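To keep things simple, chains are lettered A, B, C, D, E and F as they appear, and every chain counts its residues starting from 1.
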Amino acid sequence: MLVVITLFLPLLFALLTFLSGNRYAKYVALAGGAATFIACVLLKPIFVSGQLQPIAVSYPWIANPVVNFALSLDGLSFVLVALTTFLVPFIIGTTFGKEIDNAKAFYSLILLMEFGLLGVFLAADGFLYYIFWELALIPIYFIALIWGENKDREFRNRAIFKFFIYTLAGSLFMLLGFIYLYQSTGSFSISALYNLNLSDTEQSVLFWAFFVAFAIKIPVFPFHTWQPETYKEAPSAGTMLLSGIMLKMGLYSLLRWLLPVLPHGVMLWTPLVIVLAVIGVIYGSVIAVKQDNLKKLLAYSSFAHVGLITAGIFALTREGFQGATVQMFAHGFNVVGLFFAAEIILQRTGTLSISQLGGIRNVAPKFATVFMVVVLASVALPTTNAFIGEFLLLFGVYEYNTWLSVIAGLTIILGAVYMLRMYQLVMLGETNDTTAGFRDLNSRELLLFALLIIGIFQLGLAPKMFMTYVQPSLDLILNYSLR
Amino acid sequence: MSLTLIAFLFLSLVAVFCGLMTVLSKNPIHSVIYLIGCFFAIAGHYLLLNAQFLAVVHIIVYAGAIMVLFLFTLMLMNLNKESEKHKAAIARIGAVIAAGAMMLVLVAVLKRADSLAIPSTQNIAIGTIENLGRVLLNEYLFPFEFASVLLLSAMIGAVLLAKKDHQKAA
Amino acid sequence: MADFKSLSLSGRKKDVSDKDMTFMEKLYLPAIAKGMGITLRHFFKPKVTIQYPEQKREFSPIFRGRHILMRDENGAERCTACGLCALSCPAEAITMTSSERKKGEEHLYREEKYADTYEINMLRCIFCGLCEEACPKEAIFLTQDMAPADYKREGFIYGKEKLVMKMEDIKSNTK
Amino acid sequence: MDLGFVIEKSAIILVIFAITMLIALYSTFGERVFASYFQDRLGPNRAGPGGLLQPLADGVKMFTKEDFIPETPNKFLFIFGPFLFMTTALITSSVIPWGDTLTLFGREVKLQAADINVAILFVFGVVSIGVYGIMLGGWASNNKFSLLGAVRASSQMISYEVAMGLSIIAVLMMTGTLSLRGIVEQQHGFIDWSGNIPWFSWNVFKQPVAFIIFLVCAFAETNRTPFDLPECESELVGGYHTEYSSMKLGFYLFAEYINMFISSALISLLFFGGFNYPGMDWVAHNLGGNLATLVGVGVMFTKTLFGIFFYMWVRWTVPRFRYDQLMNLGWKILIPLAILNILITGFVIILNGN
Amino acid sequence: MESIFNIVPIQYYIFISAVLFCIGILGVLFRRNSIIIFMSIELMLNAVNLLLVAFSTYHNDASGQVFVFFVMAVAAAEVAVGLAILVTIFRNVHTVDIDELKSLKN
Amino acid sequence: MKTLIYTSALGFICMIVEMLNMRRYIVPVAVTGLAVIFGLNILDWGLAESHFNGMLVTDNFSVAFSGLLLLIGFFIVLLSGHFYKNEESKLSDYLAIILFTLVGALAMVSFGNVAMFYLGIELLSISLYILAGSKKKDLRSNEAGMKYFLMGSFASGILLFGITLIYGETASFSLQGIASYMTAHPSPSVLFYVGVGMILIAMLFKVSAAPFHFWAPDVYEGSPTLTTAMMATLAKIAAFAAFYRLFSTCFIPAYPAFAWMLSTVAALTLIIGNLSALHQDSFKRMLAFSGISHAGYLLLGILSLYGKTDQAIFFYSFAYAVASLAAFAMAIVVAANAGSEKIEAFNGLGKRKPYLAFALTIAMLSMAGIPPFAGFFAKYYIFSEAVRNGHVWITVVAVLASIVAVFYYFKVIVAMYTKESAETAFEIKPAYLLVITICVLLTILFGLFPSQLANLL
């Protein structure tokens, strides 16, 4: 029951936020996010004799087609739910310093989005999952559309719309895939889908129906073209939601809904996908090096990271899976931290152009420090969370193909190059006109960064507990995937 | 050639000729008159087919009411000037080809409908008013009533549309 | 002036009213039947037609018809072309030209001066009889005859040949 | 088809045609005579004894006048109009039963050109065609007054045809047949003894309302006063036949009298028992069937001629309607009345049936 | 009574009405005067009526002829409405040429 | 059966009310009447009878569709009171014609004989011709009426020819009779195929499927908006219901011969409808093209006739109807306030009237087929039936088309939320608010609980 409450809390608070009016909206929204987080903590799955017990509930919902309101919380889901419930209040917190017009709508959309995201991570019924998948899309579309930063409205509309169309197009094919699966099984329940035996041709076609949807969301090369523009145009909170959580939807879905359901299809297309993913890694990194816009740089870096995660997942090894999970979690923290920093820079200086910045460290040492930590985490310095993830991922890819892993490994170097270059240009050097009046972090921002950094190191130093949660689910998925 | 066949061929010829002239006449009034001629030929066919009642009703309704309305409208609009511009040549050729092709297809396809057996007898009582009335007011009573709603709606509509508004346009 | 409106010169004046008609009146049928009755009655009434050429109507004794230019008992024309008739004519229908009487024409014209032409446009003439009254010589009179019809306008301009009294009528005239 | 049948029918058709023409011819004369009588005059009485040759004189005059065709884009239609009007007027007489059967040379001769089972509808059909004559003629005259007359004529005739048809339906509901002969034969004699209560057998006593409606509509259909708006001289200078002269004008005028004749015949057939007369059974029984039939024919013509007289009578009594009054009368009074009449008739039939 | 279809095969009726129908279609496509288009549609309906009556006699079934009544009723209603629309257009633009009616084309 | 008779009676009552000089009660009377009839209609649920010698059939299909049509009629009547405020003296005429249109539509969903089908379709069409051309002073309306009229009667001519050929083959007009003939003669003659083909073409004309759709945009744009709403909802749904009933009961044997044609037409309709909608400035014209594309989706339902797709068609019709009614109501409101039917007229609505903007957004999202609104499930059911019956490729086309659809639906949303406009007074009548609210609520409700509706049939 608690899982249902957890799921619906954001929806409830979205309504409350909307009703509370513009003035109190942000507090109500924060309270809502926090409440959901607390609920999530209370929800923590329990171990019975060393075995993790997934929580599952199921209520009949739609009779035709047979759709159950079925939720299941296993380790994998829990990790992502935790990530979501943690990051949403965090993101809400990051916006406190800014005047937002029509705030009630803004915050309730964020909470609505959280509802959709949680639904995606919790759903144990294909149709329900699909609905949440689409539901998560609409709020972010409006957030990006209405509260976007760029003044060029037409450009923004087009960029955001591109994002929407891409994702929707992908998901509609997924819907077709689900319809086909439903015709074969008569059920959308995840267990029925896992036990489905389709012919290889069917699987190979269906694979694309699903994969395209996920690949667009992740994004995997060459489905990524929406990403940099959208990240740049969306308000920072939106970008954080997109990069911190929404990407994980795609990755999670690969693990949960693609690999176990269509193992033969996956087998057939794995080489291609891994190659695409690795291309994405290199491509993203190289492009990132040349970026001038901070947010765009971060977007490409994110693109490179998720490429590696995808490759790890499609390596279909234990290590790859583990690495992917860890990296999903870690990337959530890191990228949100980076974008928060970018947001702070944008608010204080009014620009995101790297070439116009410089010397912030001189006027804002606290900011420089926390920013440094986050940057280092994102370049996978040992002891930070991303190190473990990247290591495991590369190991997984290595098991699949040595050369690919070598190429993918370049990401570490390239990542270091562009991140540190960015840091150098932005923070170090001489102070100029734009950065001279840079105010250092206030206590609210400091607190937020502190929370983030704790998270970064916590996972980096003690990944064991994390693994115990995730491992059973991953093993299960791996079993089904190697059917 | 029996008399019936000759009558059939004659009426068909008249019908087709008048039909064509309806379509091709430049003057709309002539079209109306040819169409009336065509209707008479069709009424003749009805008589051949032993549908006397229908033949007369056909004349009353089509020739006596509908075509009068046409003529009436034409006169009110005073459209006797043969001022109609032709469609572009290409459109006209297209129209001819389309209709011709349609006709060819229909005739060719329906030519294969030779499986229809020839009935040995013909019940001449079918077309009598008694029989028609019986069928109309028993089996088809509801459509009959329904048609009245249709006519009422058309009547309201015609009045609504054709009546001039007396108040000045604002 | 208060009852100007109710004033009736002919004595048959009826006020127009737009009062609502009763149902029976609206039917019109009784009124029509009544009207039909009236027409039918007329159908059987004696006819008033006078079949002209055969039947003629009595003229009034003061009837003024076609003009005549009188001769005296000797057969001489009385008219001296003084022009008073033309002067008095309100319709200006009379024209004349005068001439001197020549020797040897005394049996024709009573005075020294006579009307050489004398024309009355019968289309203009209103048969008022003023010419008759104006004539000092009692030369012009209006008779009890009617002016006959003609096919042409010119035919209605009566010259002397039509106006002057026929010789054979002199006797009756002298009475 | 045996020869006798052909001869018989040809003879009847010829006779009917001749009689129709003759009666129409003398209607023109009658019109003038009656008009003068109603106006306390004598009317034409010069040509022939009592003016009886007047119609011939008129005909000669018509034929000898100049046949003038105005500047019109449609010469054919200009000529076709009066032709059509005349033809349709004449065709109607073919279904009218002028008398009962006559036994000649061992044959039963029906005094009717064609006894078809949809005779009334046939009449309606032909009458509805007749309007084209006026419309085409008026339109082809290329003259505003003619056009107005034609438009008035067509709308008037269409409007009143509806009421006419509806009024007839009430009659048909009682007779149960569309054949004119059938309808006439149902009005046998004068008083019907077959029912419980003896009642007059003529339809006018059973359907007075239908009779009145039919009568009014007949006036409108024939463009007679008080519904002679299509040709009213004071407004339209003659209406649709303003431009016509000579025999084409003659056709129009003539056809109008034929229409009058036919409609009178219809009225007498539908409502006044046609060739039935009181005591016909007695005559047939005592003086032989043929004589009875001949008397019947005489009766029929008497009734018809009275009808024509009635037309003229009304003409000199009732003034012309205004156009809106005409339409109001047709659509707002006669049609609802006819429908009401149908309803009442229906109820009565149902009550009687049970 | 001997059937008429011994003398005139039913196919003939199908042909003649198909031909008339196509003439109607031709008129609709060929002409610009909307009244004539309208008349062509009437011609199409009449072709159908003819065929209905033929089939009705052929099948010895009166319902075909009854259907013709409905077609006539509908045709009458259509004419009333159609001509009314025509008149309203004519009042506004003084033409009945359908190709002149272009205010809605983008 | 009752539904149909009472609805026509209601039309008469409206005229009588006018005669009694109680004009201001007309709309309330009509609305109440329709509500009562809706209730009576529901009472017929579960019956399976035929009336008047099989002329009318009452079964769940007819009751469900009648209910839907009555609902649409209810909304239209609600809106009409204010829509015709400038022509108050003709209100009763308009209302009577609207109700008679509804009667025609009702006949089309419950006919048991082709005669009723034909008369129903004609009553519907003729009434709509009138309504389309009813703005006499407006040339665009006249033109719309004329075009609709010419195309409509042309189509009914073709329909009739088809019916006649079917009659020639089967000697019957009743669906039962035709169906039993078909079971007795599994391989009918060519007459039958030509007949079915012509009926098919005529129906495609009526539902404005490509390539027979060319009249629709002009007519939709030119007609008064309320009439456009009726054409887009009432007429289209009735036509599809009739289409389904006719083909599923009688013409199944001839069906495979036409499957290729239908699928081509469906694909064309989807592609043309969506692509043409993309570059429209006028909201109404955009809705017209979107209506064409929706016809394409519904054709998918007809295409999959072999399976029992009536529930899919019903649900799609419902979702489409409520969403478009909301959209059309908005179009009327916005056009009345901004004086333009262009999409620019919606600029800044998100700020000025957030609720209305929200409602329209939901309607647009539903039409675009985005969960969790009714439109999503509608598409789901249609796709699922199509896939089940093996029409995978056409479904893929449909999916692509619905992606394209998002473009133009979102144009409006973007205009409402991101464009600025001069602040002007914006006024909305309660009736419109009510209709929009109900429509949006229904859209959401049946998006969350679709099977309640979809399982009706």
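In this section, a contact is a pair of C-beta atoms (placed from the backbone, for glycine too) under 8 Å apart; a residue touches a chain by one contact, two chains touch by 3 or more.
Keep in mind it's a predicted model, so treat the numbers as computed, not measured.
Path length between chain D and chain E in the chain contact graph, taken as the least number of steps between touching chains: 2. Contact with chain B and chain D alike is made by no chain in this entry.
With centres taken as mean C-alpha coordinates, the chain found closest to the middle of all protein C-alpha atoms is F.
Here E-F and C-D are compared, and the pair linked by more C-beta contacts is E-F.
Here the CA centre of chain A is 124 Å from the CA centre of chain C.
Put simply, the C-alpha centre of chain B and that of chain C have 69 angstrom between them.
Annotation: 30 Å between the Cα-based centres of chain B and chain F. Rounded to whole angstrom units, the spacing between the C-alpha centres of chain A and chain F is 43.
Residue positions 115, 119, 122, 126, 129-130, 133, 136-137, 145, 168, 191 of chain F are each in touch with at least two other chains. The multi-chain contact residues of chain B, meaning those touching 2 or more other chains, are 57, 65, 69, 76, 106, 110, 113, 116, 139-140, 143, 147, 150, 153-154, 157-158, 160-161.
Of all residues in chain C, none touches 2 or more other chains. Contacting chain pairs in the structure are A-F, B-D, B-E, B-F, C-D, E-F. Across the complex, chain D meets chain C through its residues 34, 36-42, 212, 313-314, 316-318. Here chain F touches chain E in the complex through residues 115, 118-119, 122, 126, 129-130, 133, 136-137, 139-140, 142-147, 149-150, 153-154, 156-158, 160-161, 163-165, 167-168, 171-173, 191, 217-218, 221-222, 280, 285, going by the rule given at the top.
The part of chain F that touches chain B in the complex is made up of residues 8, 11, 15, 51-53, 55-56, 90, 93-94, 96-97, 100-101, 103-104, 107, 113, 115-116, 119-120, 122-123, 126-127, 129-130, 133-134, 136-137, 145, 168, 189-191, 193-194. Across the complex, chain B meets chain E through its residues 2, 4-5, 8, 12, 15-16, 19-20, 22-23, 28, 31-32, 35, 38-39, 42, 45-46, 48-51, 54, 57-58, 61-62, 65-66, 69-70, 73-74, 76-77, 79, 84-87, 92, 94-96, 98-100, 102-103, 106-107, 110-111, 113-114, 116, 118-124, 126-127, 131-132, 135-136, 139-140, 143, 147, 150-151, 153-155, 157-158, 160-162, 164. Those residues of chain E lying in contact with chain B across their complex are 1-16, 18-27, 29-33, 35-36, 38-40, 42-43, 46, 49-50, 53-54, 56-63, 65-66, 68-70, 72-81, 83-88, 90-91, 96-97, 99.
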